[in-house]
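I have a structure here, written as structure tokens, and I will follow up with some questions on it.
Chain naming follows the written order as A, B, C and D, and within any one chain the residues start at number 1.
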Amino acid sequence: MEFSNIKSKFPIFKRKIKGKPLIYLDSANSSQKPKTVIDEISRFYENDFSNVGRSVHTLAVKATNKFEETRDIVKSYINAKHREEIIFTKGATEAINLVANTYGEKYISPGDEILVTELEHHSNYVPWHYLRKKKGAVIKFASVNDNGEIDVNEFKKHITGKTKMIAFTHISNVTGTIMPVKKIIDLAKTKNIPVLIDGTQGAPHSILDVQDLDCDFYAISCHKMYGPNGLGVLYAQKKWVDELPPYQGGGGMISEVKKDKISYAESPTKFEAGTMQTAEVVAFAKSIKFIQDLGIKNIENHESKILEYGLEKLRKDNSVNIIGNPTNRASIMSFTIKGIHPHDIATILDDDGIAIRAGHHCCQILHEKLGIPASARASIGVYNNKEDIDVLCESIKKCKKVFQI
Amino acid sequence: MELKELYQEIILDHAKNPRNKGKCEGYNHHAKAHNPLCGDKVHIYLKLEDKNISGLSFEGEGCAISLASASILTDTLKGKDLQFSKKVTDDFLNMLKNKTKITLNSLSADQITTISSLSGVQEFPMRIKCATMAWHTLLSALENKGLK
Amino acid sequence: MEFSNIKSKFPIFKRKIKGKPLIYLDSANSSQKPKTVIDEISRFYENDFSNVGRSVHTLAVKATNKFEETRDIVKSYINAKHREEIIFTKGATEAINLVANTYGEKYISPGDEILVTELEHHSNYVPWHYLRKKKGAVIKFASVNDNGEIDVNEFKKHITGKTKMIAFTHISNVTGTIMPVKKIIDLAKTKNIPVLIDGTQGAPHSILDVQDLDCDFYAISCHKMYGPNGLGVLYAQKKWVDELPPYQGGGGMISEVKKDKISYAESPTKFEAGTMQTAEVVAFAKSIKFIQDLGIKNIENHESKILEYGLEKLRKDNSVNIIGNPTNRASIMSFTIKGIHPHDIATILDDDGIAIRAGHHCCQILHEKLGIPASARASIGVYNNKEDIDVLCESIKKCKKVFQI
Amino acid sequence: MELKELYQEIILDHAKNPRNKGKCEGYNHHAKAHNPLCGDKVHIYLKLEDKNISGLSFEGEGCAISLASASILTDTLKGKDLQFSKKVTDDFLNMLKNKTKITLNSLSADQITTISSLSGVQEFPMRIKCATMAWHTLLSALENKGLK
């Protein structure tokens, strides 16, 4: 597959926005879906649909096999050791809630510390906040430096004998900072502290090898990987899927149910209560295939070329302030323009067919630290190209014209 | 071009030079609001004397639409009768919700033009909250009986 | 729309199973999807997709509007009073977990009682069991009588001053029993006890009017209403959505996030953490339209005619034992055949293209009470007809032939 | 017709008249298993003496496949050497997983026919667990060192 004609693989790019071609720079929010993924959803519902893991008729068997095949595909893709380490969730948010809730229930006592960072998305802070409320845990924040980076020493500073979890993002969804994941995990291992990586932004843009990383948990949102919405993956190391109690209760996750006691299934079933997404899981196999056909290394290269090009162009405009200047950055450029609120920028850009996001991007703590209520964010996916950046920069000029700056 | 409807001169003027910013002297009602999606914030202060809004001001940060809206609100209703102000607020909210026109007799033609400048927001559904937040907050402040 | 050619609205019925037409009698497990619903998913992903409630660009606005439109459609369909009473979840299982978790956290103390029934699906028992484990709650069971019914007096018997929740199914997914919902709710109201209805089987087969019912909570699985999988609805009365704490933590559900405290959004946003299902929610509007076009009253009639026909035919076979004999029954026939295990029945039926379910149907307590480890279940949806029942009965004869009974 | 492959005479016979049901006398190992999906249960009892399975029986309820499988298992391995039994078990599980044939010399032709009668399950993926559960449980029982 070639990047040159890649927009043609995504039906959405046939669409015009206010009469102009769609320039989609909001992939960090959610990515568009290739035709292969969309078609697989229809194909499955039209030909093979049945609930999975419940019945023994032909459709149920086919559906269950397809569903479990995706689990194997995900397992190989992220190089997990065991298939039961792959748990399907509603999204990264549910994945992190699952860990915070079940790990918290079993291992967190009053005064125990959870170390997160100032870069975290609310999804990787609010669930830990619940443990603060319910269990008397203490939350510590590793600070970002002026470039939007957090090095391993900053983590070291905050680790104490009471640190029971280190949870941080693989790639910041505001600054694009690629965290020194391996170093932080290595540090945590020396202290025997489990590590959860919020891989929501990492997974679509990086080679993943969870065995090499040796993280305890890795959370993924499928909808940012050119996959269906309403689906996520939690990778959890074998020892955790064995030790953690179940999360939601319901059909499928039990072993034996009596009036006075209940025993639970093994992982991954233990963590997959109720009727799961089905077509979505099946179609996610096509998302991974799409990524593999392009090659994740090629994706990284492609995107970083566009990112470099974009950063360079934006830097030339004095009224544009790019947020963060990390040495290792992926796919994300957040910025402000003096005198124009990000919301207004987004509206004006939209008039040129450009989709970006304006707001705090679910990172209020970072924005408070930066002293700004909001920012504009252009984020890059496989389908973007340098021309998209050119249109973006032209439109930024227009913002200034509208606002007479 | 719709964009020009949205960012009219009047709006840009109010956004860049908001009127009645700060806490008005002797305010006895206030309320604040926050749009968690974009971070817009507004805090309305008002002094109610004998069913008359004798003082009216705001603090806030946000986009041009939300700042202009708060500024126009304070400018329009300061010194006005309570019932009348509620009526204008209703009419304003109605204008954005149902695309009706503002036609109150007791507003000057100028004031009607100013308020109506925000009607361009009708075509930008995601921005309606920006335009209405200050007005909803005014209503909250009026309900809020406590001194300061 | 007509029932006579309704299979043509469902692409799956073009499929052959082992060379024979598909006879789908597993709708209580999950229903098939009409073409309008499947096409809406593709249409949405191909033309309008964007994350909802986050960005202000054209696609985001359209997507958000479509998403919220479905909320309004659901609100009208079940006749809720306020749109914020409609919360989208992953399924009925998540809906019940949400209530058990948040209500339990705030209102359950050691010794408080939760009254469920012996008919409950594991989804309406395991989440309450968690409160038994975590909060010291006591679970009481209203008993089924020999017909598979539970009358209001049976509930009355178990209510005490410590009863803090009554949770029961609208329609049993094993016996098809239609519960005397209104009477039980009226009883509960006199004692000021909140009521949760597991409407998973009720919603696809009954007229719903939650204001008339006046239940506190009603849980729905969209995938059993000819809608997408991985989606459910929790109806929760206004006072509860205002009073209950949030469930999962993450993006979207917050108001203000600081390092030391967090405040939450209003309902429904408060309960919808993270990126939600999108195409699924949008397409669910088409499921409701499908049901409305047929008319839910007509569906009830159509299905009950087939049910009566089926029960009558099965009763003629002495080796078939139909589970339960409730006066009010909907769409479900579970049975056993002496000398043939339900799993074997399902396998043999499948050979004739018939999809049924065999097992305990996530109702181990009921099966234990009945003294059987498993049963075979044929469940009826809009697309079934009397010929399907004829094929079923022929194939049951074949089971006996294979087993030389 | 595949169905006939699945429900062969031998299987129906074992399902209807399971051999070695109950607790064998003097058993010193046991293990049980349960398939939560369909409710199948099996409990294997065995008496291990000098690396020989001198007693072997089962209790259980379930479908024809699972009952026949447990019955055939006990019939085939009772009185057999421990190592040998493990090998037969591996071969059996392999047959269902990889569609290999059972060819052990030390089983009689009859026994091979009997065991192989379960190979029809290969074509019914959802039923494989029914056929393998007893065998997995035997392995658990062998690992389980405790007396009774």
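Rule of thumb we're sticking to: a contact is a pair of C-beta atoms (placed from the backbone, for glycine too) under 8 Å apart; a residue touches a chain by one contact, two chains touch by 3 or more.
Because the structure is predicted, anything quoted here is derived from the model rather than measured.
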item	value
Smallest number of contact steps required from chain B to reach chain C	1
Most widely separated chain from chain C, with each centre as the mean of CA atoms	B
Centre distance in Å when chain A and chain B are each reduced to the mean of their C-alpha atoms	38
Interchain centroid distance [CA atoms averaged], chain A/chain C, Å	31
Intercentroid distance (Cα basis), chain D paired with chain A, Å	46
Junction residues of chain D - those touching two or more other chains	37-38, 124, 127
In chain A, residues with contacts to at least two other chains	54-56, 60, 254, 256, 343, 347, 358-359, 364
Interface residues, chain A side, partner chain C - complex	11-12, 14-15, 17-18, 22, 24, 26, 29-30, 32-33, 35, 37-39, 41-42, 45-47, 49-51, 54-60, 90-94, 96-97, 100, 105, 121-123, 125-127, 129-130, 134, 139, 141, 221, 223, 228-231, 248-254, 256-259, 262, 273-280, 343, 346-347, 349-350, 354-359, 362, 364-365, 368
Complex contacts: residues of chain D adjacent to chain C	1-3, 6-7, 12, 16, 37-41, 61-65, 67, 124, 127, 130
Residues of chain B defined as touching chain C within the complex	34, 36-38, 124-127
Partner chain D, residues of chain C touching it in the complex	339-344, 347-348, 351, 358-360, 364, 367, 373-374, 402-404
Chain A residues within the chain D interface of the complex	53-56, 60-61, 64-65, 254-256, 265
